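Each in structure tokens, the structures are laid out below.
Paired with subunit B in one complex and with subunit C in the other, subunit A is shared by the two complexes that follow.
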Partner chain A sequence: MMPGLAFVAAAAFLVFLLSLSARDDNGEDLPAASMRNQNRLGVTDALRPAELVLRIFSPKDREFIRLTRSPRLQRLYREERRRVALHWVRLMSREMSTIMRRHRLNSRHSQNVNVAAEAKLFGQYMELRFLCAGLVFLIQLFGPHALVDLASYAGELRGRLGKSMLDATASNHVAASGDVVAR
Partner chain B sequence: MLLLGESSMNEPAHLVTMRNAFEDLQRRTLSQIPCDFARLVYLASMREYNSATYHHEGLAARYGQEQARDALEACHREIFCSLVSLPLEGLVTELETYIRASHEAPSGFIHAWKELEPYRVAVPMEADSTMVQLFLSNIRLALEVLRFRLEQSQAYQPASSPPPLPDR
Partner chain C sequence: MFYAGKSIVMLSVMIWSVGVVLEILLLIRGFQEKLYRQFPIFYLYLLFVMVNDVVSMGVYRRAANYYFQVYWVTQFLSLAIGSGIIFEIYRVALRSFPGAARMTRCVLLIVFGAIFANALTIPWDGVFRWLAAATITLERNLRIVQALAILTLALLFSWYAIPFGKNLKGILFGYSLFVGLSIVQFTIWRYSQEQVKPFWSYAQPVCYLLVMGVWIRALWFAVPLPKTIPDPQIENDYELLIATTRDQFRRTLARLGWAARA
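Up next is the complex of A and B:
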């Protein structure tokens, strides 16, 4: 029962994360992205946040290390990526906390605070904090490729479930036809 | 030779001169260097340790001190960014090319770099901290991959022949 519940919770969390990442793909939630990556000469000197995330969690790098078939390299790779991934999540969380603190201080001096907008902002902030906490938990527990691993595990489990369901249906049919014959 | 006054120069003029210095640096100097990793190390060596300001005699004489400094910094940041965006395999190739160009024995080079971590000095000032972490982490991994390949190639070679840097 408990592993089943844990899996459902993990799958729900995965869907939640994927829905958030899909929003990022549209570029709507990355206002600073296009501003940050070019300097005065129009030369790219910083990666956009989404690109940086892709680099940290790159499946290509993981495959490159896997092909060496060296347990030492694979262990080192996991440790290194875990460290960078945790740094990224904690930094993002810290930056958001600083921005929110500043905003809160500014709001205190504001004459007309828009309660609805503030509530929405607070909700989004809490969403991000929850997401960061979840990511830290997943990365620490399952490694830097936790999401991909969980997604592939879910796919594998779905396949197994489908097969079991077919087997169960087939055996039910056999049992039912056996009953008919017996009668 | 044209030496431009720095304080009297307005922003668009500064940008134009900086752009010229940037292109000059890429055309005359950086194109002669065999790989991006070597370019990164070269540009970092143009920066003074104590003040972190860049200096290049020839470029400063042609375009002015400030423009040369900004062009060097822009080039340094651009190459750093391109190295961070490389897949790990690409970075291993870069490092391999750099080791070959250095004419050092690969085993000694890898040992020294793992011990002293001199690549930390090659990071531009005020770069995004996650980019810096990813770069340092990838260098550590690339060094381990090269060491692994070296060990593999030595294991399959007769004891008398010198260990070359293995081809991928």
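Up next is the complex of A and C:
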């Protein structure tokens, strides 16, 4: 009974995550029609440059706003940046859907479809979709700099752990050498 | 009491007769519109059900003792022909889509393999007990297998955006409704026999009338399947298509990576 319930709960959570990544800021579904209207073979080349991504997720602006010491400005910044970050991730998610849709529409006609390759591609697609869904979840919960904050926290934790381990090793050495001297 | 019993029989015969009339109507329209050429198994099924209804009605009125034997034998025959409808839906819908057809065959094979493997996990004496169990349970289980096949087909049709004509959509929707309602009925019958028994003889034909309504609406006129023109370049170079999609995924992943490295 319990494994069955856990399976259903996990499935429901995954569906929830996916639905999160497919909605815009107002909670409305991203227009599927816009995807349908795209040229079937046209490649969406309007890619966001690396600088834009780095700027959206970089904590530099946050540090700058922090210097103003204005809580209102900081709140405004958090809200706006969160929206921008969510918009970008959802754009990525939509772009992946478009890529996959184009692939499906073309592969359905092909005489020599490779089942294994299709399954692998589907796996990659789902992996990317869940990655986007996870990002949306993190951004909504902890803000746009969640990844950076998490990474810096992990780094800090690792540093602290390393330091304490070094301290412990050093004190062990001291204790051991003290024993030798006492003998 | 006598009158109440008589009116119940009258109602049951009336529902039955309406069903037969609708089946005849559907068969006539199928022949007029030449839909039987496109969906031969479906019309064979309809013909079988119509003949079965007439014969069963005769047995019910003249030799009621044999009714249940006749009912269950014909029910299994209709189940077997009904499975043919699922095959027909697959055949007609995916005729112009060899790639999607190949994937569908493979996924269906996996689904049936999983069902078979699940059946193997039942101990052998359990299988015999399962087979010997109430016919209702057996039919419900077979209907569940049909429902899984329909669900798999529907998901794959939606995934590959297979265009349906009005006729095929109606057959698929009607038969899915029929299978779904059958599962619900058999499940209710299994778990609350005594309470449900009085309604059993009405629930099934009334649900069937609903399905007939769906089919009549969808199959009154023949509507040709929408045609799609494949891109010959992509059709010939599947490897290129796979490589392009993979490359696009890789680029998207790289962009997501920038977000993490920011």
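The rule is short, and it goes like this: the second predicted complex is superposed on the first by the 105 of 183 C-alpha atoms of A that agree within 3 Å, B and C clash if a C-alpha of one lies under 4 Å from a C-alpha of the other, contacts with A are read in each partner's own complex, and residues count from 1 in each chain.
Throughout what follows, a residue touches a chain if its C-beta (ideal position, glycine included) is under 8 Å from a C-beta of that chain, and two chains touch if they have at least 3 such contacts.
Only a predicted model underlies this, so the values are computations on that prediction, with no experimental measurement involved.
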Partner chain in contact with A:V136 - subunit B first, subunit C second, else both or neither: neither
Which superposed partner A:L73 touches (first subunit B, second subunit C, both, neither): first
Subunit A: partner with more touched residues, subunit B or subunit C: C
Subunit B versus subunit C as contact partner of A:H87, first or second or both or neither: first
Partner chain in contact with A:S58 - subunit B first, subunit C second, else both or neither: both
Shared subunit A surface residues [contacts with subunit B and with subunit C]: 40-41, 43, 47, 55-56, 58, 88
Complex interface listing, subunit B residues touching subunit A: 15, 18-19, 22, 74, 77-78, 80-82, 84-85, 87-89, 127-131, 133-134, 137-138, 140-141, 144-145, 148
Subunit B-facing residues of subunit A, complex: 39-41, 43-47, 51-52, 55-56, 58, 60-61, 64-65, 68, 70, 72-73, 76-77, 80-81, 83-84, 87-88, 91
Touching residues on subunit A, where the partner in the complex is subunit C: 40-41, 43, 47-48, 50, 53-59, 85, 88-89, 92, 95-96, 99-115, 117-118, 121, 124-125, 128, 131-132, 135, 147-148, 151
List of subunit C residues in touch with subunit A within their complex: 96-100, 102-103, 106, 159-162, 228, 230-231, 234-235, 238, 241-242, 245-246, 248-249, 251-253, 255-256, 258-262
